[in-house]
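Input: one structure, supplied below.
Labels for the chains are A, B, C and D, by order of writing; each one numbers its residues from 1.
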Amino acid sequence: MNPNAQAEAHAPGGRAQSAPLMGRAGEPTIFELSEPGRRSWQLRTTGVPEWSAEELLPEAHRRVTPVPLAEVSERDLVAHFTRLSHRQFSVDLGAYPLGSCTMKYNPKICDTVASLPGLAGVHPGAPASTTQGWLALLVELEEALCEVTGMAAVTFQPAAGAAGELTGLLLVRAYHEARGEQRRRVIIPDSAHGTNPASVTLGGYEVTTVPSDARGCVDAAALRAVLDRDVAGIMLTNPNTLGLFEEGIEEIASAVHDVGGLLYYDGANLNAILGVVRPGDMGFDIVHLNLHKTFATPHGGGGPGAGPVGVSARLVDFLPGPRPVRVGQAAHAGAAADGTTAGGRYGWAAPPRSIGRVHSWHGNALVLARALTYVLVHGGDGLRRVAERAVLNANWLRARLSSTYDVPFDRPCMHEVVLAASTLKSRYGLRALDVAKRLLEEGFHAPTIYFPLVVDEALMVEPTETESLQTLEALAEAFERIAAGVAEEGGIDAARAAPRTTPVGRVDEARAARTLIPTFDARGTGGAARAG
Amino acid sequence: MNPNAQAEAHAPGGRAQSAPLMGRAGEPTIFELSEPGRRSWQLRTTGVPEWSAEELLPEAHRRVTPVPLAEVSERDLVAHFTRLSHRQFSVDLGAYPLGSCTMKYNPKICDTVASLPGLAGVHPGAPASTTQGWLALLVELEEALCEVTGMAAVTFQPAAGAAGELTGLLLVRAYHEARGEQRRRVIIPDSAHGTNPASVTLGGYEVTTVPSDARGCVDAAALRAVLDRDVAGIMLTNPNTLGLFEEGIEEIASAVHDVGGLLYYDGANLNAILGVVRPGDMGFDIVHLNLHKTFATPHGGGGPGAGPVGVSARLVDFLPGPRPVRVGQAAHAGAAADGTTAGGRYGWAAPPRSIGRVHSWHGNALVLARALTYVLVHGGDGLRRVAERAVLNANWLRARLSSTYDVPFDRPCMHEVVLAASTLKSRYGLRALDVAKRLLEEGFHAPTIYFPLVVDEALMVEPTETESLQTLEALAEAFERIAAGVAEEGGIDAARAAPRTTPVGRVDEARAARTLIPTFDARGTGGAARAG
Amino acid sequence: MADYLPHTDEDVAAMLAFLGLQDLDELFAAVPAAMRLAGGLDLADGEPEPDVLARMDAFARANRAADLLCFAGAGAYDHEVPPVVRALAGRSEFVTAYTPYQPEVAQGVLQAVFEYQTMVARLSGLPVANASLYDGASALVEAVNLGAGASGRQTVWVSSGVHPHWRGCLRTFSRGSGHQILEIPLAGGVTAWPGDTAVAPGAPGGAAGRPPGAAAGGPPGVVVVAYPNYLGCLEDLAPVRRLADAHGATMVVAADPVAAGILRSAGEWGADVVVGEGQAFGTPLSFGGPYLGLFCCTTAQVRRLPGRLVGETVDLEGRRAYVTTLRAREQDIRREKATSNVCTNQTLMAVTAAVQLGWLGTGGLAEVALRCARGTRYLRDAALAIDGVSPLTGSTPVVRELALRTRPPARTVVDRMAAEGFLAGVALADLVGDDGDGSVDADGAAHGLLVAVTERRTVEEINGYLVALDKAVRQ
Amino acid sequence: MADYLPHTDEDVAAMLAFLGLQDLDELFAAVPAAMRLAGGLDLADGEPEPDVLARMDAFARANRAADLLCFAGAGAYDHEVPPVVRALAGRSEFVTAYTPYQPEVAQGVLQAVFEYQTMVARLSGLPVANASLYDGASALVEAVNLGAGASGRQTVWVSSGVHPHWRGCLRTFSRGSGHQILEIPLAGGVTAWPGDTAVAPGAPGGAAGRPPGAAAGGPPGVVVVAYPNYLGCLEDLAPVRRLADAHGATMVVAADPVAAGILRSAGEWGADVVVGEGQAFGTPLSFGGPYLGLFCCTTAQVRRLPGRLVGETVDLEGRRAYVTTLRAREQDIRREKATSNVCTNQTLMAVTAAVQLGWLGTGGLAEVALRCARGTRYLRDAALAIDGVSPLTGSTPVVRELALRTRPPARTVVDRMAAEGFLAGVALADLVGDDGDGSVDADGAAHGLLVAVTERRTVEEINGYLVALDKAVRQ
């Protein structure tokens, strides 16, 4: 009997028989490991009178049956999630050259910082007099990020890049409205990340797409053609998602500014230019940063991140509030203090024409503490080294792999290089997807595939600066083995069967969408069913 | 090229290409990952004058070349040891029914306790006035262990069970010598753990072995035959290593006491009788506890443990010292205080006829803090439940597997059951070793094999109380599958080829001993060579 | 100079040589020279880790709030987070992974999120939960977007019992979406829904007498209510369902997920969408983030669901496997047609919640909820006996939080009690501003103190709190 | 009632039924009834984890020592342990594994230990290191056992520069082994070896004039010296090697492994066995344990090596693999013929040391050693300028630790400086007793203060220490 089949056999209490370490055994869900009456929880002895729910709640509000959750022993809880962790690739296990995501090493010191009780144990609604440390920390980080981006002020409320984008677009709107203007369109290049157009829509604007030119940059003529006084702004990332620096950024900036538009900088690729050139100096008015990319805060399997937004002087008054400020500056940053500033050198201030809140509280604070730690360890000198090494690594890979894979825009790249499998596909049928799955077998995470959309069979490789030359060599060899392998007898079949050494084999994604099973309770019902 | 072969190819900077998660790739040593000039270390800025070694040290003492260690980036350090951790089975991953080792769940709260700065950050030589918390903790633990064992006092210095054994034997010696007696022999049963005879030898005694009888207990007649006034004592574990309770313990105790000998209790199996019966009440004079077994402190891949030794009243004065005491008790426990007791309710006291120190300091203190945590969470009631469930689990397995495997002593067992593969061996050639390796493939750790020595092809299974009935069922099914599998065509070959799904296949142990390679530097030299 | 870069000088030289470059500056040839930063960043040079740790520790020590006994809530609660949850959720495989784009090597995160979705769906009483949003407020914003899309109408009636900050976010984002947000006032701690006869018999405009005018956008496409509301009060949700039915609107409930352990589920009350703040499940107070936005909906709405969704499927060999699904909703495919712009979310907090809910289990969750209710009752009964303390929401039943009226301004009470070692609660003025809003008037804002009692508070601690409160209101 | 047991009442009932038993008590039928504990253990009932954590935290808070700036050493040092080392060595796969009896599923621990052995061997200058012993003292005891076995003689000459506690352990265990331990006194901080002309020209009994008499066991089979010795002094090891050669004795060096970063290796000095305390490599002060016994020897002695040893080999498919080897030395096979009784050892600390040494690397280890030496020099120079402070060991060079003579009793100085926030060092009387021993006389014991300066101490901290010391000796 194959071990996975056992996992499939649902028995109360499950089949907690150990480790994916050994071969490819499946892991039951926690619901299958559950047996009624088992427990892990232990709570403080409080001495509070033990009134019953009946004594505490009117009947109409009372739950009749408890929420059915899993019931497991602490031992099984630990084994379950430890085994799940062994079914998960991560930066800590190896190279993760996922383009646009900047999967660099996440320093362990930041975990220590984020778990300091003096930071993690602070209630967000505590009066400012009791949270001076947090306020000081945020002000220091704001100053550092202003310097890095060339902006005048930063809001920390946006919880991720996309939230920053939408915040930025609302700032654009507030800016124009304050000037009595109603503009309707925002321009984005066709190579942009999907969150850009989605944010534009949510910001209440229409998307105008401009194409890339033959060098992979914004087509200047096409841009000029769509520019008019209805354009609220343009969203760009520079270097762009092709890993190429928009050389015409000066002209773009003045063209957009000439029609009264604002420039929004998508900071996802800031890693490439830290300490080399600043968005503010390129002419941008608004910048979001993905601290979980450039500033090494871990991605957590999909989040949390943090997407602080920096703005130039003319937009400061519109920022979300309240904002942490030095008390002396409160007046400058906005008069209407929200929260007390008594008893401390730092306080909160709401910008006078604030667009309002964009977060329940102050943003992803512990992520911000990690980012400041990263900034302090590196310092100004170190941040520049980060960019240099990131760009060096990407170019090395580009040069090394350009004879094996297509390089749609074959010129020096910045922190990432977009390769393509188009030749391998037309010659052998090998798709970008197959290359990705084969790389998993080779022990590497796959690059980002099929993005940017403008490149056919795209393989977007971002090695980051924390990978060594030896790792790059090993990665390049793996890429080369994949290309060589497909030329061999049966090679394409082997590639399509990949990965065969991972916890599960190639996953049927289409089936997941066709027969939606979004919860354990929807299993066997032929899809999602209304649960109790 | 197979991924492991790459790992073999030694290149400076290594082949850091990711995860054993994916298939069975090897992991290079840290020395292969090393490249001169790389670094992880970061030290405080101190401002202390930067004198050179030449200015600080006479030439005769100065090292000429630095100690050659690995030079890796923090990122590679993390990936290396994280990948190594993925090549390691552990309690947190699954059932670990290793007999005699009591591989129960190690509560996570104990990790938190052991890392409290107020415990982990205390220098062992700090004056007692500044370590009152530690002293109070130890006194409280001592009291609890006295209650659990029925002893009068406990020393915490021994760092593991074997250290406790030797300490106990030195106490035996001191006791007899104080009475002017020179005895030469210590009796141990043939089923005893190997550390018992080794400790006896190191204690300066001769080993007299007594055989087990047909019921798996000490052969009473044989024991009486070797008892005389030359016998310093006897070492027993009860339940014994066959998992059987020595029913004749009362007679054994009085027989040994009758000739003036002392009874030593090897506490490795205390888990079976917690709160049910106490070594002191069985007549034992000295008891060691393996806190890493019974009290759930983690084994750490082979240590640390803690082997506190409890003694009856007549031996208290001989205990190693100094010992933590309540200050009022210092006089009672021994006058000559070693260390100051000023300024606190707790202090140190040296027993008047102490055998002396057996540890550099006070024993494995953080392990002791874990053990107290475990005791407090369970309390008196919980400790008894531990024993009940441990014995229940073992008997369930015994009953379930007795039709498939040999059960040399087929009567109710205590916390572990010794099975045997003798029939499977004679019928199909399946050895205990093969059963063990097949179990690894099934996702379980193997039981202890070939111990106790008195059982042929022994499989010593100790499920512990923290495994659920479902896990026991899954384990039993795996055992049954193994037995059934060997009866099939090709079954024995498959068993001998096991394990095939583990990070490495069956390991050539003989070769390791034949061509000793104890360090990376001895590789390729045909064995250990004198290093620089 | 210390950093995390592996490059030795020799590595750099060799790599530059391979690229045919002279120096590192040449890598940036594409950057117009005039734009480049001349003197480098005006930031101090890097400091070694132990120095930085000392600095961060100094920030931490400067936060007196961390040492205060916490009776503050307002959407952020001091619940038990056991060592086992921290250990498991902190495993580096979960922490340092990216979004599970390659399911074959991401089954760990995917399965944990699948389990999370199941648990959260069960809590809410709805069949689908997504894989997390940023926080409670963003979940609410997305719920309103979904509701408006489903009903085809942009008018949104929002109870003023919804957390003031969440309402603030709704207002902010409505500038982009164009939704008409109408905040319905509370009366006596519960929403005075306009036009619902069960609420205000005979009065067309409802009890509060402030009917949203026709100018305010006509009948609602979305109706939003909180359960319990932010003042701790339990509102009857039946009229809300009726309202929604009457107008064909989507009913959105912002539910406290801990209280859900003993309350009738929002799904049972008829909610179409349930949102909530998941911080209570294993995430520390964290000065407000990272938190966890909970989001559940009906199967009918699944294709409008914002954010990520994990589904079960099989691999090529037929083994059970998990994968993010219905990706067409996300931005990487249909771009401007996406249901939302959320990309990076709060997965690690979702994994944490799965571990915490696994630890709590059926019995533990109910127990935590019950203990919160008990502590709240105990504190309420005793606090109201103090001269200078009165109820702000009358006798409306509360469950895990309550609003008191203190004779001195609540901010003063909070400051005084901080000196005694207590975080007394959150002054309502800090949530709604000095002028009050639809939930409390200016007086209520000034004197309202929102107090939460979790299962971690012992009777000694509560008694100590009461003594300090007595002193603070007398002073 | 809270514990870690999975058994529900139904499970217990089903299992008992399967066994044909009526109740749990029957499981213990083999235990004579009279012996059984009637009323259960006289211990309080179990308490829930958070209550226990609070109690343990109270113990922790009662240790003022943890808050003192540490200038104590004496074999336990306050070195930097970075978060990365704690994170890696704390991974639960390492923590919750047993001894690697099944190498196929224990390559993680085995390889880490193999790397540890390599690093420690390189440090010592000898080719073989074992996988750890309990602590420095137990390593020394084992070294003496090995040496006596190798030389066939039980007389052991031990320098009084060896840590007093380690000498105490040697004395204790010699009661069992029958070794004759002779402690050779120090003069001016260095060992006055008997009969070595290079040490004491012309004096047959050596400088200290206390030659071990013939009655004391004849020529040594083992000679033990510390490098640097416990007072911080650097001794010339050449005469020790000559002594050992003259008598055919085994030369054992107890070496400080951090100082080894800048000192000539013990192997180079000719040691046959090198032992040490490995706490300095990643293990916190921990009130003295768990620590790490380092043990290295020559290839010739490998079959006498105590404890576990990991060797490289291959698996059936020829892939590199690791396994514990030369198991015949251990007790599970030859039992009473075993080279030692050590079974459970300190593997996790060895893994920790491998991680820490991996983090330090070639440059970091040298840097730590150098910084310790610099801090020691800085403190020494300034301390000796204080009126009331003088050197205890003359001008003998010291490296990472030094012994001062303070005018008031050193214990008094330690107490006074604790009140100022410093752990001033270790009073020698606490190590050697009030009467002194071969290393210091009674006056030295009373007034001797052993001070250590690690790489973590800043110049501000040292200056603060000096101010407090000045005050403490004047008072």
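Rule of thumb we're sticking to: a residue touches a chain if its C-beta (ideal position, glycine included) is under 8 Å from a C-beta of that chain, and two chains touch if they have at least 3 such contacts.
Here the structure is a predicted model, which means the values were calculated and not measured.
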Result of counting contacting C-beta pairs for B-D and B-C, higher pair: B-D
Subunit C and subunit D, separation of their C-alpha mean positions in angstrom: 51
Between subunit B and subunit C, centroid-to-centroid distance (C-alpha), Å: 47
Centre-of-Cα separation between subunit B and subunit A, whole angstrom: 45
Separation of subunit B from subunit D, taking each centre as the mean of its C-alpha atoms, in whole Å: 19
Multi-partner residues of subunit A (at least 2 other chains): 21-22, 24, 35-36, 38-39, 41-45, 72-76, 78, 82, 86-90, 92-93, 105, 107-109, 111-112, 377, 440, 445, 466-469, 499, 502-503
Residues of subunit D engaged with two or more neighbouring chains: 2, 4-6, 11, 47-50, 53, 80, 82-84, 86-87, 92, 105, 456
Graph class of chain-chain contacts, one of line, ring, star, complete, other: complete
Residue numbers on subunit A that touch subunit D, as the complex places them: 21-22, 35-39, 41-45, 72-76, 78, 82, 107-109, 111-112
Subunit D - residues contacting subunit A, complex: 2, 4-6, 8-11, 47-51, 54, 82-84, 86-87, 92, 105
Residues of subunit B touching subunit A in the complex: 1, 3, 6, 11-19, 21-25, 33, 35, 38, 42, 73-76, 78-79, 82-83, 86-90, 92-95, 105, 107-108, 377, 440-445, 466-471, 474-475, 477-478, 481, 499-503
Subunit D to subunit C touching residues, read off their complex: 49-50, 53, 80, 82-83, 87, 92, 456
